[in-house]
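First subunit A sits with subunit B, and in the next complex the same chain sits with subunit C.
Entry: the complex of A and B
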């Protein structure tokens, strides 16, 4: 068994509006001098630490947890998962 | 998203050629059940819509009532059931947004929000809990951000909503009569789209709402943005004050397609528009997508060239985007272009008026036997059972829900949530009381009497605040209307509401029909919801603290009507029995009597008797006022009944009155003179809630224990499952 850090990023699906990101862009960043920024998207990140036999199992297990416990809503959100071995 | 073959044939013959792809999209959105009311429209005409206070104007999305002194109140009800069933937070929040814009489009400021929520069995079903929790957060976040108080509603749980949600939102607006937008347009006027960007979210939403959930692809979710909505409200009201708006409509189901065609049809004008002028969130959107996108927080305005500049300045000030997307023509055509290319060119009356259907109806077979009662299992310990009953999700206090809503903002809320109905102070010194009520359990057993019961209950609730009912909103929610048995229940409920409205001369000022509410295990129970608005000319009945020796009086007879009661369904797991029936004459007599007594200032408290029967209503008075009561069940007026029925029958037209001993004589004299059925049934005192019959104690609860259970159980259930 090894310990893995699994990072889960939850963000709105592409094409769905993201009021928070748009507000940060328009009312904060572009109000300054940072005119080279063209887009900001907000997301939520969960960092899991998990003991599993390999990287693949760790990823699958976290995936299962997120689906089963409705950590995100598949109707609205896109999820990306990355695994780092400790 | 498509038309059925018959509809395609109709469209082709009406326009005399094959429709283009954009035309098909536009017509499919507008002819969906959600937008066209094709199953229900013919029948809805029976509802009385006129009254001395009703102001009707073409193209209004909300009902308008004159409340005197140059002021008006507007009201509307909508649901967001399908979206909330797949994304409860966003679905419920955008539901609030939609109904608020309906109020705004008459030119009035939204001053209150109400919500009626229904979910599956949250005690056993984790998914139902998830839906419930998130729908409540969605409403709270959206309403609170807008600065509009959410002051009332109801919550109910029933197995028939498993894997589904009914999220009904009503809103009330207030303004000066002279500021109402008088929808009109002249040739050459400009069509402006104002507010949020049009994106790919919510494409095909209205079509989606007209299919059952099983068969669709679940893509039509909308993301709420209350801050844009707030800016829109302020910008529109400022534009209204400067008289810059000739006509206005909010964008809801069907997006631009519906807003443009319905506005043009209502005003008997044509509109030519260019999809390239619409401000979009992403580039490369297909024109068809732009026409049917249901992106939130958008309004369609008609103004003219001289007013445009001022309107643009206001939009700039509030930092909202507005685009001139087209202009008014006189040819009654809806002409959609992309640059120079024509994409659609249709007569507006064809688009806005789908062929109305005459659906077959048939009395459901289950109704033949449903009223038969089974023999109940004896209850070994009523006190123990009562504690369980008080903690059941439908009976328990809903403070976990309304505690999340800001119900004070706007400083109009005089009587706050947690009572029968909330009361708002209006600028002309009068008060407005509003309540929404539904009862699917009774409507399932008897769709007609059940619907009448919802109507009477909503009336009773506003009457308890001293308000006279002046208008009603109805929201008719049923399963698939293509099933004749379901359509029969729709017609029955509608007839019931119509009979009651006519007898009491309460006009229907607005409403909504939501069909195809089907869950994976079948149709929902018939769920008509009724909202009643009541007006108080002088002062409302403010609930006062009940003290020792105060007297409890009941008005109205208790009858053998336990069908669809919480007691049958929750305690005995039995669906069936005799549905409560409202006796119109008795109902009117009791209503008028209560209003007169309130005006005389004789009462400390008035509470209606409904869900859970007499036992729950009296316990609520005790728990809210933290005081005990001794109740003599043999004194309860009505036919001779056993203990279960006296305690838990949900007979309508009953009111509980609390008063000081000193006022009892006056009350007796008045009620006797008016031949109202009533009796003194108890006295408040001590720390125990006791129900006795012929000196035998039936229920004995400690107030503080009952209170703790009643107030906390719903939160416990949601938070800790």
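Entry: the complex of A and C
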């Protein structure tokens, strides 16, 4: 068994408004001198630490947890999961 | 006749709801802690407002996994009237007992103000004493109250008459200005505004009678004369 850090990022699906991201873009970044930035999206990140036999099993287990416990709401959110080996 | 008021860690409108049920409408109400079960012979269940589990992860999602929700689900399937107010609505949505989802208000602010609702469906256990189009002056108090459904689900809700309340004007960016919905059988209703804070003349600056009709509808449904 090895210990893995698994990063879970939950963000709104395209088409679901993200007023916080829009405010950061329009009222902070674009009001400065950073005119090359075109989009900012906010997201929530959860960092799991899990013991599993391999990287793939760790990723699958976290996927299962996210779906089963509705860690993200599939109607409005998408999730991306990445495994980092310690 | 017994009405269950479900209490989660972080519920804070449970006492207001209990007070209105017992002191104002003389109903037999009882608190049920979320780790315990609900009796099979209960007549109605109300999930009150608050901040269950501090709104952590997402408003209502952790409470939706509480043991008591299994019983709420069974009672809902049997047609028992279930009402979720504010956080109670968020919990019912996260439990999959009602369609849609409640997102952060477009303003990103916690909104605490008086609004006006319009009754769209008067066939539920909580709206059968209203006329269609009747207005309800009522307060909202929420940060995640923006009801969202995709276009196809919205059309389905309209077709099935599952939209129970709409805001009279745009308040928080909700799809189709929806403030409350019901399930396909009409017995499970969720609403963001707080009828328990509007049913008495002492605390309603406009008119307490419309909010009273939500409770009188329930009395009518479960066969109690007030």
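As a convention for this text, the second predicted complex is superposed on the first by the 86 of 86 C-alpha atoms of A that agree within 3 Å, B and C clash if a C-alpha of one lies under 4 Å from a C-alpha of the other, contacts with A are read in each partner's own complex, and residues count from 1 in each chain.
Here is the rule we go by: contacts are C-beta pairs under 8 Å (C-beta built on N, C-alpha and C of every residue); 3 or more make two chains touch, one makes a residue touch a chain.
If you're wondering where the values come from, they're calculated on a predicted model, not measured in any experiment.
Colleague: Quick check on the superposed pair: does A:23 touch subunit B, subunit C, both, or neither? Answer first, second, both or neither.
Modeller: In the superposition, A:23 contacts both subunit B and subunit C.
Colleague: With both complexes overlaid on chain A, does A:73 touch subunit B (first), subunit C (second), both or neither?
Modeller: So A:73 meets both subunit B and subunit C here.
Colleague: Contact-wise, after the overlay, does A:11 reach subunit B, subunit C, both or neither (first, second, both, neither)?
Modeller: neither
Colleague: Tell me which partner A:52 touches in the superposition: subunit B (first), subunit C (second), both or neither.
Modeller: After superposing on A, A:52 lies clear of both subunit B and subunit C.
Colleague: List the residues of subunit A that touch subunit B in one complex and subunit C in the other.
Modeller: In the superposed arrangement, which is not itself an observed complex, subunit A uses residues 16-17, 19, 23, 70, 73, 75-76 for both subunit B and subunit C.
Colleague: What residues on subunit A touch subunit C, complex-wise?
Modeller: Residue list for subunit A touching subunit C: 16-17, 19-20, 23, 69-71, 73, 75-76.
Colleague: Please give the residue numbers of subunit A that touch subunit B in the complex, ascending.
Modeller: That would be residues 12, 15-19, 23, 70, 73, 75-76 of subunit A.
Colleague: Taking the touch rule as given, give the residues of subunit C at its contact with subunit A in the complex, in rising order.
Modeller: Of all residues in subunit C, those touching subunit A are 57-58, 61, 64-65, 94, 100-101, 103-104, 106-108, 148-150, 173.
Colleague: Across the complex, what residues on subunit B touch subunit A?
Modeller: 86-87, 89-90, 130, 196-197, 199-201, 218-219, 221, 223-225, 227-228, 281-282, 295
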